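Take a look at the structures listed below.
In the two complexes that follow, subunit A is the common piece, with subunit B as its partner first and subunit C second.
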Partner chain A sequence: MTPILSIQQLDVSYCGTRILNDVTLALHTGKILGVVGESGSGKSTLLQAVIGLLGDHGRIDHGKLEFDGIDLIRIKKKDMRRLRGKRLGMVFQHPGASMNPIRKIGVQFLEALHAHGDFDKKEVRTRILNMLSELRLTDGERILNSYPFELSGGMNQRVAIALAMVLHPELLLADEPTSALDVTVQAQVVRQLMDLRDHFGTAMMMVTHNMGVISYMVDQIAVMYAGRVVEYGNKLDVMKHPQHPYTKALIAAIPQLHGRKMVGIPGQPPVFGEPYAGCPFAARCTSARAACRQELKLVPNDYGNGHWTLCPYGCD
Partner chain B sequence: MYVLEIENLTKEFSKNGRKFKAVDDVSFTIDAGECCGLVGESGSGKSTIAKMVARLLPPTSGTIKLLGEEITYLQGKRLRQAYQKMAMVFQMPKDSFNPRRKLGSSIQEVMTNAGIHRADAKKRTLELLDLVELKREYADRFPHQISGGECQRAALARALAGNPQLLICDEATSALDVSVQAQIVALLKRLQQELGLSYLMICHDLALVKNLCDTVVVIQGGQLVETGTADAVIGNPKQAYTKLLLESVFPVDPTETWVLPEYPR
Partner chain C sequence: MIWRYAVKRVLQLIPILFGITLLSYALMQSASADTVDMMMQKRGMLITPENQAVMRHEMGLDQPFILQYFQWLGKIFTGDMGYSYLKNMDVFPLFMKALPSTLLLTLSSMVVTVCISVPLGILSAVRQNKITDYVIRFFSFIGNALPGFFVALLLLLVFALWLGWLPVTGNHGFVSILLPTFTLAIAMSAKYTRQVRATVLEELNKDYVMGCLARGVKGRTILLANVLKNSMLTIVTLLALSIGSLLGGTAIVESIFMWPGVGSLAVDAIGNRDYAIIQVYVIWMAVIYVGINLITDLIYHFLDPRIRMQGEG
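Entry: the complex of A and B
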């Protein structure tokens, strides 16, 4: 089966500084890919590259990006705009980025829908209200009549999610979609996203720092560090048998309700644009060997079942 | 001595002629050197409380005391003096930085405004960046040129620039991956011990609250439902709503069975 989204050897830079390096990932219809990793490692950049919103300073230097056979790098701006919203949904890390600050929420929904065809106003309103209430925004009428600044952080985030889901996209890119939500609302939003997948086969790429959300909802996990995917595999393989030392350290840092204390990873990732020898994690890795800081080739090391890492010394 | 005393705090908003209470008669205190977690449902009034304490929003009724002094209605010079004793990290850090200003200059401004010499402020800015684990080069970046988590750390550096006694954090760690979160939590704890800094921490991550906070205030629909030490509230919750919150946390282990709790409509 051909994947709905295929990312191949993607290199992306901002102002000439290379950020993403050799990213290769594939996503199939109906699957949810969780993207985790160090703050600043390029997760948002990856989603923005896919949806063509890298901004003035961002550039795709090399690689392939295909959505359902469509070349997303060479696509015309006009065609991309038509894909966005309808076939490709996006929830930005910063909910403000999905919304116009000076328009009422209700107007923004109508605009989003009308850009993709004619709809019966009344029917659409009921559909939106239902959707908001599924996301636990029960005071729907008030919300549609409000400006973004009149809503709380988590309310805006849910409105952004509803805006991205309303046309049942085939691919949903979600950047930290639940970070501003309390745990009860988060659980229901996660449920709604999974329903969307179950009913419409929406494939999703979910960036989140919440490892509980990852554990519950995703099928595959990609772990990013310093602009590279350093480990990839099925959820259980990555969570239960992490092979890359960075993944292990990340899992060890998860705060727990009962029991162990959180442990950080001393040191910092390499500065983008400054060359390093060998593995980007070597300077912070407790099991690094001399070779890791020198001639190490960063090629995927296969563990079977689609599970691979960029570390040649899996330490299970 | 209390750093913060909130008494019968209420905030009413009106929308299309309809009034509703976003914060409804909330009272609690924070001791010097204490970290107080404020948790509750999205839209329950947490940010509104924080904004009233930071005097960014006038309360409808109730009083707020900072270090024993009532600040609810202060104006002018006295208000500016009160401002120097507290700082806030906002929920959406990108909105709180001037988009046309480099981060370093935004941080420096806090100090030059307080009468610190420019050269000293510049030096201190770089030290603050070290403190929050950001590279010094970031002083020359604009807010849109950094990642979400980096912006959150820059906002923390700016908040610490004024040497506050009370730091109000609205979701200050939610955009950080767990390993950077652990570093920031360690930093906040160190500042608490070394400088006696107090915190009002709005945070959705209950495990983080348990790790960081001494006391917890749980609110629902603008009202306080439960308060106590973090160990007591999270380890042995009394109220149904607090229990529901704890049951809603996804287990980190993917092999653990977990069912979505039933939520009252």
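Entry: the complex of A and C
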């Protein structure tokens, strides 16, 4: 089966500084891919590259980026706009921030729909209300007549998800969609995203630094560090048998109620644009060898079942 | 709702206006020369101290300050705003004759300013750091740097003297308003183009713009229905302040073009210490500013639901 989204050896830079290095990922219809990593690992840049919103200073230097066979790098601006919202949706971190604060939510739904063609007035109304009720927002009429600031954070984020999903895009990109929410609301939103996936077969690419969210909802995990994917695989393979020391350290840093102590990762990730020799994680890695800091070649090491890592030594 | 808010605001204005009139009246009183002195000076003759005392008594100038103030205030409400010894007529009709000219000039220069600065400001912001932006910024910089009287003289020189298209001064119908209008509009447009640019740039960087882009909303819709609407909140405030100062009469421009507005009236009155006119002018300015402030707040209520809801809650 061909993936709905295929990223191959993607290099992206901002103002000449390399942010993403050799990123290779694939996402299939109906699957959820979790992209984890610390702040500044290039996760958000990756999403922006996919949806074509890198801005004036961002540039794709090299690689392939394909959505359902469409080359997203060479696509015309006009055609990219038509894809956004219709076939590619995006949800942002801050609830409500993606909506204009001084326009009613209903108007913003209409605006999003009318950007992609003319719809029958009645049909539009039902469509919006249906999507809101998919997210358990039952008093849709009241919500459509409200302004974003009148709703709670959790409700706003669900409205934002409905807004991104109203045209049933095949791929939903989510940039830390739960990080700004209360823990109880987080669980709700995560559950509803999974329901949407089950209902519409939407593929989702979910950027987060919350390992709890990852272990609960995703199918595949990509661990990012310093602009590279350092480990990729099915959720269980990566969570149970992490092969990269960074992944291992991330999992050890998950707070737990019982059992082992939570362990932080000392040090800072390398600064973008500053050159390093060998493995970018070597400076913080507890099992780094001399070779790691010199001419280590960063090539995927296969562990079977699609599970690979950039670390040649493994952890088992 | 909005009407209750409006009424509340209007009621709040009463003590403010009261305070302003009291203060301005007190300041006039503290001036060294009074009306009798000024009349004497103007007519160029000496009046015996006895006669001066009689005149002061007739005019009520020998009464305590606070009594004079309330008498004056009472008369204002009946439309009797005093007598201008300078023009030898009542102040109120004098003022009413000057007002339409000022209103007209305010309106025309505001319209021209908005028509120039809003499109240029948006264009400059959208084409940030491109050649269009640089050209617009260059001219707005020049417009900002040129003083109004210089622009006025420049325009007079080119359009009235060299080209002979427009009259030099006075009010000869529509053509006469062009030069004072553009003199005012050039300086204001230069200022507002920069303001609009800065405001639009700030709005363009907000998250909702990214949200709209991610939903595939067209660039033009984002600009006109979202960014411009949000930018209006800031721009309206700035425009209101300018309208205020324009309605007060633009002394320099009105004087240069002999435009018969309240600005030149006030300048004449101040030069000759014609207290009656100055008093009315001060009241007029106060009324304009509090009035414009009120209107701005009400417009805000229409534009920004966040403020509207706060008021209700």
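In the analysis below, the second predicted complex is superposed on the first by the 272 of 316 C-alpha atoms of A that agree within 3 Å, B and C clash if a C-alpha of one lies under 4 Å from a C-alpha of the other, contacts with A are read in each partner's own complex, and residues count from 1 in each chain.
Everything that follows uses one rule, which is that contacts are C-beta pairs under 8 Å (C-beta built on N, C-alpha and C of every residue); 3 or more make two chains touch, one makes a residue touch a chain.
What you see is a predicted model, and the numbers here were worked out from it, not measured in a lab.
Q: A:G304 contacts which: subunit B (first), subunit C (second), both, neither?
A: It touches nothing on subunit B or subunit C.
Q: Answer with first, second, both or neither: which of subunit B and subunit C does A:V185 touch in the superposed model?
A: In the superposition, A:V185 touches subunit B alone.
Q: Name the contact category of A:K240: first (subunit B only), second (subunit C only), both, or neither.
A: first
Q: Determine, under the contact definition given at the top, whether A:H57 touches first (subunit B), second (subunit C), both, or neither.
A: In the superposition, A:H57 touches subunit B alone.
Q: So, A:E150: does it touch subunit B (first), subunit C (second), both, or neither?
A: A:E150 sits against subunit B and subunit C alike.
Q: Is A:H94 touching anything from subunit B or subunit C once the two structures are fitted on A? First, second, both or neither.
A: Both partners, subunit B and subunit C.
Q: Spot which of subunit B and subunit C makes contact with more residues of subunit A, would you?
A: The larger set of subunit A residues in touch belongs to B.
Q: Once the shared chain is lined up, is A:L83 touching subunit B (first), subunit C (second), both, or neither of them?
A: A:L83: touches subunit C, not subunit B.
Q: Would you check which partner chain A:I102 touches, where first means subunit B only, second means subunit C only, and both and neither mean what they say?
A: Once the two structures are laid over each other on A, A:I102 reaches subunit C alone.
Q: Shared contact residues on subunit A, subunit B side and subunit C side combined as an intersection?
A: Subunit A residues touching both partners: 94, 150.
Q: Touching subunit B in the complex: which residues of subunit A?
A: 14, 36-40, 44, 55, 57, 93-96, 136, 138, 142, 145-146, 150-155, 157-158, 176, 179-188, 190-191, 209-213, 215-216, 235-236, 239-240, 249-250, 253-258, 261-265, 268, 271
Q: Which residues of subunit B touch subunit A in the complex?
A: Per the stated touch rule, the residues are 13, 15-16, 18, 39-44, 46-47, 91-92, 94-95, 133, 135, 137, 144-150, 153, 170-171, 174-183, 185-186, 204-208, 210-211, 234-235, 244-246, 248-255, 258, 260-261, 263, 265.
Q: Which residues of subunit C touch subunit A in the complex?
A: My answer: residues 207-208, 210-218, 221, 225-226, 229-230, 233, 303-306, 309.
Q: Which stretch or stretches of subunit A touch subunit C in the complex?
A: Subunit A residues touching subunit C: 51, 53, 81-86, 89-90, 92, 94, 97-104, 111-112, 115-116, 147, 149-150, 160, 163-164.
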